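Heads up, the next two complexes both have subunit A, just with different partners, subunit B and then subunit C.
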Partner chain A sequence: MIAFLTRTRQKGRMDLTDWLAWGWAILGTLVVAIPVAWAVISSLKTEAEINSFPPALVPRAAQTITVEGQAKPLSVWVRKAADGTEQTVALVRRIGLSATVLNPAKPQETFPVPVSELSQLKAFHLQWSNYTEPLKQFNFLRYLWNTVFVTVVATALTLFLNSLTAFALSKYRFAGRNAVFALILSTMMIPLSVIMVPAFMVIVGLNLADNLWGVILSTVSTPTGVFLLRQYMLTIPDDLIEAARVDAASEFRIYWRIVLPLCAPALAVLAIFSVIWRWNDFLWPLIVLSSPDNYTLQIGLNALQGQFNVQWHYILAMTVVTLLPVTVVFLFLQKYITEGVASSGVK
Partner chain B sequence: MTAISMKDLRKSYRSLEVIHGIDIDVDSGEFVALVGPSGCGKSTLLRMISGLEPISAGQMSFDDQRVNDLSPAERQIAMVFQSYALYPHMSVRKNLSFGLENLRMDRAEINRRVEAVARMLAIDGYLDRRPKALSGGQRQRVAIGRAIVRQPRVFLFDEPLSNLDAKLRVQTRSEITKLHKQLKTTMIYVTHDQVEAMTMAQKIVVLNKGKVEQIGRPLDLFERPANLFVAGFIGSPRMNIYPGKIISADGSSVTVESVHLGRFTLPHAIAGIEAEEDIVIGLRPSHLRLGAADQGAGGGTMTVEQVESMGHETFVYGRTSQSEDLTIVHVPGHFEAEIGTSLAFTFDPAFAHLFSAASGVSLKEARR
Partner chain C sequence: MSAPASVAPRAVARGERVGNGLDAVMRVVEAPMAALQRLIGVARIPYVFILPNMVLFTIFVFVPVGLAVAYAFTGGTNLLIWDRPYVGLENFKALLDCGNYLEPSTCRYNLFWTAVHNTWWYTLLNTLGTLFFALVTALVLNRLTWGRGFFRAVFFYPVLLSPVVVGLVWQWFLAREGLLNGFLTEWFDTRIIFLLEVGWSRVWVVYVSIWFHMGFYMLIILAGLQAIPRDIYEAAQIDGTSQWRQFWCLTLPLLTPNLLVVTVLLLIRSVQVFDEAWVLTNGGGPGTANTFIVQFIYQTAFSPDLRLYGLASAASVLMGVALLVLTLSQLWLAKKAEV
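Up next, the complex of A and B:
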């Protein structure tokens, strides 16, 4: 690992290409990692902290103190007087530029100070309630189950249907094969927003509106998947398929026992894509699903965002939760991605 | 044990015909080699026999049963591919048993057969390895094993030795021959290497441009090539070819003249030739020898251009005056000659092959 990381173009010397490679790698990492890291950090902040300016890197919360004679806990501030002396005070109320404070040691005496002399005392604090509250308030488990159901079923169907299509398009010769392939590819260029309305009408016509199957069935056939798998299957020698045919295997058995296992790297890539797509899918489920019982996570998250009030602390926390499964899937299957890329070039 | 009969077989891709009516009969248990230069249609013909390639016209029958429209599985053939086509994601054992599993054979019987074949081919030591972890020769055996284990009616080999190194090729050659003697199954073997065909096959079919040039026993093809193509294809190095002319012919001899070989007389009659007819004379390098010609024997002189000595034999390549093709002379033992020197060579006219210059067809010696 060390040897790999410290390897340079010429031994013991940093070449220009090494600088460029490192620069690019670091820049890319930062571009990708900073927003994620910021979301994770912010998800542990209090609502007030998220909105405070300038933002703090570490999640903190205002320190409070319970003082005799005051109903609520008071926030703790440091007063830096004009003569340079410092004093810890508790804030009672603040009106305009003037604040009423008291010395926690003598809770009976309150006195006014200008706001400019005060700075708030904050301590490291992780606001775990950002995570626990939505679980209680919202039907989070329901949304999670719906999303998992859509993701797993849609991915399984995507892999099965797309690999069947790719098998036919790569290993059989029939009239119009290229035309069919071109047709499938051309649909890649049509964005969802163009076909949204007719697609929704089809879903309604099939009586699948506000039904998870309406979300699943319309997404399982992806041109990207067909393209990816077809290109990979082209690299499987025809000899293997003919050998299986001589070995008395049925066409489906050839697909199931020979072609599918050999496509594992490409299937893994498509599975990762499909899981990410379906998990993060927002627009189409938003259109199809209307009752909260059928909401997926992404739609549920959207419900936290009102017209006038955005509950950032909840949104961020739930975003982190929804990120986790995709991240885990990626971590476990990433070796297949590199394998898939690497093995296609090597015999 | 299956006899195969092909009657006027044709194959065309759209309007392009690549196999132009082939008739071959393969006896039950026979080892037949299909040879020819690349692009002659030998592999296509093999695939038509296997059922992987549809037959456009004609009839193919196995033991008098028409099989034109049967799948490879229904024809019960087994094939060894040039690339071996081993399933890379399966162990050797799985590779061998896959075909039997497809036939829904009993598990115990599958194991018994796989073990038996593995022992026979000496691959039982690595039944659990993947093909990737095997050497070329081992993969070759597994590919053959996969064919044997199914106990097919016909074995088809598509240039199975072309990916092996020279030493392994010779070894595998004799193993396949041994296998054929042991199994006594009909085998059809495609190769572009005439040495393989000559050493292994009981019958050779020489193909050229989608047509059969000659069918016969290996020695027949060598000694009595039916035409110039077969004469040039069978035998290594190739036969020497010279233009010539018939001077006279009678009931017991034929006199021939060539600018390269002088005038010589064949000691046997040839039917259906006339004086002044243009012919082509073919002479095997092994039938030429260095030295001046005796009376009545043919001979010429050539300028040496190249000498290839293998130690136990030497081939001398030279050019006779005005000729385009090199003359090749086989000399037993080691022989040295300076490039550019002039050497005389001679031959026994009895060994000369005569072909019609117009058609390339052999002028067969009349039965004495």
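Up next, the complex of A and C:
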């Protein structure tokens, strides 16, 4: 095993550069993973734990115990007396620097101790209600549904319309074809940040402001999608299309029945990216959507952070819910995603 | 990527299995499309195919581009262009009205110039920082003989997160009660409220951007590294060239075109910084220490108490010109890299 791990191209010897390379890779992995892992861990802490400092590395919660004769469950503490003996006690009440405790074994006798002798007993505990509460308290399910709707509809339309355009651009000769292709590619150079004011006016003019369709329609046509699919379709032999024409298939039928199935790999890459773009989109929905009922996850999360600045336990739980789908997609499709990026420069 | 050539019958069969629901929808589209084809002829059918996409591009890209310039010459707070009075170069004059361009407080719109300065420094540091880390990581991954796929995936992972998630994750990490302050207290007995201090918050905005986007540029550089033929290095090794010299005299020169493209791409993206910095710093704070140009445009146009669409558009146009110069130089460099 060790021999396998330390195998390098220089006959089994690790030289200094190899050590440095491994050090960089492992350190980098920690730098990437720790903030995300910390958010996930923190999202499972109770509100009291999340606000306590210094932070604990594992989610814990105060232990409680139900004692006969006491209405509420009592918190459990360890008392370290001046003579060094330790004793588990339940806290009844606390006034200033003095606390009233009892021995759970003898619940009738309460006795006072100084607070300085007490330390709270905590146990491992995952606060799943951080995840379920926001569903009830805030419009979280609504945001989730809106995001799923935008993502699915926009991706379906993107695949359909972009592949149709790519088909026309790659398999037909017609006047203005190159001009159209150049025009589409030129839109890559126009970032949203430059045209956001007039684009919003167009949305208002079409009566799509504060409407999910305003977010969907304006992002359906992507130059990257057209480009990716066109390049792929160019490699499909024209003979196939000619053969279908001989069989009197309509042009749309050729597109749907022959070209599209052959493009499955390219469509898959575009679909993955399309889903991730829509799921993560922020600036444009922020401009278009104004009422909380129409918020997507990202906008809702951003708004909640401003609104409930101290409720980090909820914010982090929702952050985890937001990053989870992308993470799962990446776990399964990371090879296609990284290769798609490397070969086409899409992001 | 290229399509397999000889699978047509199978592929058609696969197409039939794509999904009966989808297929039913397409069958509904197919009949009118076939009728349309009979009506206008095969030669005109490609125009039908590109029509929906071109209509959307026109409405949401071409029209806004034209309007962006038109807006910049109008004033008032009405959104609809026909309700807006023509003011000539007034918006540009207002933005550029400055006693000393290096000192934002002497400008009429000092927030704009603060944003320009912040964006300039951010762009410089982010470009250099990302380039450095992406290059070193790509070199490291290219060297690893084992686990390369795993580390490539790890370093790329942040790229796929949303800006809001990245902003919140890091805000929590750097918070008063955050993990970093936990370690600082443990080891140095001190606590820093990072995001409320001007200097620290700027450092962290750049750092988080590098953390967020580095993987993308790393992949592009890695692809460039892997395109360098192996036998060059073998020849160098036979000649007894040291690894250090191999890097400076072989790798770096061969990688230069690739790095230039990455640099310009980084510049283009850095100038447009907004999302993650906005979330991380709660809207550009502390004060205006992390207010960037896009945030200025967004706030000037969409803050309920401002709604200065003309001024925002003028700022957009100025930024657009800068981006255009960068984009054209990128195209030029990419073309040169191919030759």
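We adopt the following convention: the second predicted complex is superposed on the first by the 207 of 347 C-alpha atoms of A that agree within 3 Å, B and C clash if a C-alpha of one lies under 4 Å from a C-alpha of the other, contacts with A are read in each partner's own complex, and residues count from 1 in each chain.
FYI, a residue touches a chain if its C-beta (ideal position, glycine included) is under 8 Å from a C-beta of that chain, and two chains touch if they have at least 3 such contacts.
This one's a predicted model, so the numbers in the text were calculated from it and none came from an experiment.
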item: Contacts of A:Gly69 with subunit B and subunit C, given as first, second, both or neither; value: neither
item: First, second, both or neither for A:Ala248, with subunit B first and subunit C second; value: first
item: Chain touching more of subunit A, residue-wise (subunit B, subunit C); value: C
item: Partner chain(s) touched by A:Gly84 [first = subunit B, second = subunit C, both, neither]; value: neither
item: Touching partner for A:Ile258 - first (subunit B), second (subunit C), both, neither; value: both
item: Touched partner set for A:Gly96, first subunit B, second subunit C, both or neither; value: neither
item: Subunit A residues contacted in one complex by subunit B, in the other by subunit C; value: 237, 240, 243, 250, 253, 257-258, 261-262
item: Of all residues in subunit A, those that touch subunit B in their complex; value: 237, 239-240, 242-250, 253, 257-258, 261-262
item: Touching residues on subunit A, where the partner in the complex is subunit C; value: 4-5, 7-9, 17-18, 20-22, 24-25, 28-29, 31-36, 38-39, 42, 50-55, 161-162, 164-165, 167-169, 172, 174, 177, 180, 183-184, 187, 189-191, 193-202, 204-206, 217-218, 220-221, 226, 231-233, 235-237, 240, 243, 250-253, 255-258, 260-266, 276, 279-280, 282-283, 286-287, 298, 301-302, 305-306, 312, 315-316, 319, 322-323, 326-327, 329-330, 334-335, 337-338, 341-343, 345, 347
item: Complex interface listing, subunit C residues touching subunit A; value: 1-5, 7-8, 11-12, 14-16, 18, 26, 29-30, 33-34, 37, 42-43, 45-47, 49-50, 52-54, 56-57, 59-68, 70-71, 79-81, 136-137, 139-141, 143-147, 149, 151-165, 168-173, 175-179, 181-182, 185-186, 211, 216, 219-220, 222-223, 243, 268, 272, 274-275, 279, 282, 294, 297-298, 301-302, 309, 312-313, 316-317, 319-320, 323-324, 327
item: Interfacial residue positions of subunit B with respect to subunit A in the complex; value: 50, 52, 71-73, 77-79, 81-83, 85-89, 98-99, 102-103, 146, 150
